[in-house]
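The following blocks contain the structures, represented as structure tokens.
Each of the next two complexes has chain A plus one other chain: chain B in the first, chain C in the second.
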Partner chain A sequence: MMRKKELKLVLTFHTTADAMAMEKACKEQNAPGRLIPVPRAISAGCGLAWCAGLDTRHILKQLMDRVGIEEQDMHECMI
Partner chain B sequence: MNLADSKKKLALAGLGCGLVAACLAFFGNPANMAFCIACFVRDMAGSLGMHQAAAVQYARPEIVGLVCGSFIIAAATKEYRSVAGSSPLIRFVLGMVIMIGSLVFLGCPLRMVIRMSAGDLNAWVALIGFILGVSTGAFALKKGFSLGRSHETNAASGVVLPAVMVGILLLAVCTTLLKFSESGPGSMHAPVLLSLGGGLIFGALAQKSRMCFAGSIRDVVLMKNFDLLTVIIGLFAVMLVYNVSQGKFVLGFDTPGVIAHSEFLWNILGMYAVGFAAVLAGGCPLRQLILAGQGSSDAAVTVLGLFFGAALCHNLGLAASGTALNTETKELVAGAVPMNGKVACVICIAVCFIIAFTNKRKAGK
Partner chain C sequence: MIYLDNAATTIRKPQTVIDAVASAMCSMGNAGRGVNDASLGAARTIYEAREKLARLFHAEQPKQIAFTSNSTESLNIAVKGTLVPGDHVITTALEHNSVLRPLYELEKTGVELTILDSDRLGRINYEDFHQEIRENTKAIVCTHGSNLTGNLIDIRRVGQIAAKRGLLLIVDASQTAGVFPIDVQKMHIDILCFTGHKGLLGPQGTGGLYVRPGLAVRPFKSGGSGVQTYSKSHPAEMPTALEAGTLNGHGIAGLSAAADYLLETGIDAVRIREQELMDRFYKGVRDIPGVTVYGDFTSMERCAIVTLNIGDYDSSEVSDELLMTYGISTRSGGHCAPLMHQALGTAEQGAVRFSFSHYNTEEEVDIAIRAVRELAPEE
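After this line comes the complex of A and B, so read on.
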């Protein structure tokens, strides 16, 4: 069955390794979200992004500051 | 137009690319090569005199079309971004590895899929190596592998490769400077305008759909995401229909005329090196050409590595030979990977491991 698309927070990174580090940090600290391919509407590149609920922006930002991950951009898009 | 917002559209993009490949095969490109990036870059390197293998020299307009198709569509849809600076020489080496692995197997991942669609079981064997190589690259990504970030650079930097490609095409069409094969795979080609047009369409579709053979498997391994794989399945489906309808589908090993060999271990290891290096470089040979077209000088350096690797393969006797019929004795002569090629393939895999586990991500803050 097709999953209904929802408006989500999508964090993009400068490198794939940053996205992988984000996944590791979120798993270790039980932070919400999952790894997805960067949505085509955002970029022509083929890297990875972190997708989570819109209400997690501050939690994720704090976590990234703590573990030293710099996002490239934060988007809101239908996933 | 967003070709990537649904699996249906991605499959359509794959079908479109498959149609282009089938048309080019029908109009004269070598059997089961149709649109092989490694073979065509190798032919182009030969036409420029970078190697002297007389049977594989032709400035393939498809390669020019791919790069320029990506450039034009990226510029037209405001996606052209001139970027550079992510470990260029390591990318050059990875380009070499991709080409050496490809010519040990006899084809890039795109040709592997085309050969699979023609019933060549050697390509199905090689797929095992390719999946293992991509999985090893994905494991390195999980362990923190990174070549560092790229940065915005002068807009003109990203135009260099498309401009060089146009220059090569002009030299090929308007002068007698470049070399052309009189026999062998390099002499078999579709008409120039058809090849160029096919390349432009393929390049535009690949840019919009982000078609990537390594990326499709990487996404399945890392995220169980099948979007990019949908494009590849679309291409495979069209080529399967084409091969069956044209009587070119022959299930088996040792099929003469396919330009392939049946050394299972080296089919696997060749594509293992390609899959591994492609994940480290951020894309398969096709994807490198597309990224170069949309402005990445890093991908353009990888493409230069492909050219250099092709020259090495033929100058140093690394490339495998295909199974063929001896025209005089009518006996089947088995294709093989020469000892030099086997040694080079093992070195390439070792180089991939060194690159994968010595280039680590640094924390951003």
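After this line comes the complex of A and C, so read on.
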């Protein structure tokens, strides 16, 4: 069986390079989350997304502003 | 990690490939630039790589092989370097975006484009080529093997059609080079585009194209060639015509070692092993309730790819679950093959692709089968 889904924060990016910058920045600053394939609820295409708990929105947004990463979109979806 | 994403890139390379790259990085000069031991060594290494690839593809001469950084670059050169506004070109729904996007780009400039449909198993009807050929048809551009389903296109048959009607045949061999026999002369292939990092087992950033002798392809870059310095135009002779600038000599040294490995091991042995593993996986998953396998499995003479979905689960979730719970690497989503997904009815769901290397083992395949079975919803 697949894991039980939870509502999560999912950030998509314009490019893979942006997604990698996000992972690097989060690792360096101990920010939560991990890379996942973009869920179909967001886009049928390919790509990487950053998935983290709903309560991390503010921390991640601050981090991204600080290091200059621009997300394409920020979603809440069941992962 | 159990790596079953070999259609994206083969992760395990022969040790000789790794050694060749490392050795080249310690010693290689710039091929064709200056005459010194280091530059001559580079030129010899690169020429030997041409020779081996010419042998693999049965090219007339090594100089008909030009190096690029990947199939996408080769396909862009091939398509944009042969078609002009007013020409008509035929391609198929099996194609990767590296074929489709350059063609869509050309369509905006006045090139007419026909895309042959496939059926729900991802097969084309060869009669459609005959029906779609027009007076201004210049070329057929088609893949040798679908990166999504693993289905093959009978290139020999398409080559006969192209030759009979006086059309260029441009083949995308991204999924087949190094694994399936390719004879550019017998198959009437005018341009063969390949990448080095998949079945050829070489480093990423290597690739190339074979161009039939006498066929002029307009290069999209010009510049340093190491010869004819005082000429205002880039040399027109192959392979220099398509190789402006310093080549990826370090990578090509690895590709050359990879070609040695394949020539010594035999591509038949590699392919048979891959197909055995694919067959084992296919037979292990096809009857699991809720699992849908895509593509034509009436013959095992196909690329070692099994693409499936489990129920109506999002393919990216399944791929993520395979990774997180079982340590199995697969590819989900659209695979840069939008028309093939539309034909299969998987444009929204995507699909999970398992692709095998001859280095994979039965044990890995069995773990993957078990994982699919466990993920399938209980009845």
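Just so it is clear, the second predicted complex is superposed on the first by the 77 of 79 C-alpha atoms of A that agree within 3 Å, B and C clash if a C-alpha of one lies under 4 Å from a C-alpha of the other, contacts with A are read in each partner's own complex, and residues count from 1 in each chain.
Heads up, the rule we're going with is that a contact is a pair of C-beta atoms (placed from the backbone, for glycine too) under 8 Å apart; a residue touches a chain by one contact, two chains touch by 3 or more.
In this text, all values refer to a predicted model and were calculated from it rather than measured experimentally.
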Inset, instruction - After aligning the two structures on chain A, examine chain B and chain C and state clash or fit. - result: clash
Inset, instruction - Name the contact category of A:3: first (chain B only), second (chain C only), both, or neither. - result: second
Inset, instruction - Pick one for A:48: touches chain B only (first), chain C only (second), both, or neither. - result: first
Inset, instruction - Look at A:65 in the shared chain and tell me whether it touches chain B only, chain C only, both, or neither; answer first, second, both or neither. - result: first
Inset, instruction - Answer with first, second, both or neither: which of chain B and chain C does A:20 touch in the superposed model? - result: first
Inset, instruction - Kindly classify A:79 by the partners it touches after superposition: chain B alone (first), chain C alone (second), both, or neither? - result: second
Inset, instruction - Report for A:37: first if it touches chain B alone, second if chain C alone, otherwise both or neither. - result: both
Inset, instruction - State whether chain B or chain C is in contact with more residues of chain A in the superposed arrangement. - result: B
Legend entry - Where chain C runs into chain B (options 26-34, 98-106 or 224-232): 98-106
Inset, instruction - Go through chain A and flag every residue that touches chain B in one model and chain C in the other. - result: 36-37, 39-41, 44-46
Legend entry - chain C residues touching chain A - in the complex, by the definition given at the top: 313-321, 324-325, 332-336, 347-350, 374-375, 377-378
Legend entry - Residue ranges of chain A in contact with chain B within the complex: 14-18, 20-21, 24, 34-37, 39-41, 44-46, 48, 65, 67-70
Legend entry - Residue numbers on chain B that touch chain A, as the complex places them: 2-5, 74, 79, 81, 141-142, 144-149, 207, 210, 212, 215, 219, 222-223, 225, 227-228, 282-283, 287, 291, 294, 360-361, 363-365
Legend entry - For the chain A and chain C complex, residues of the former touching the latter: 1-3, 36-41, 44-47, 79
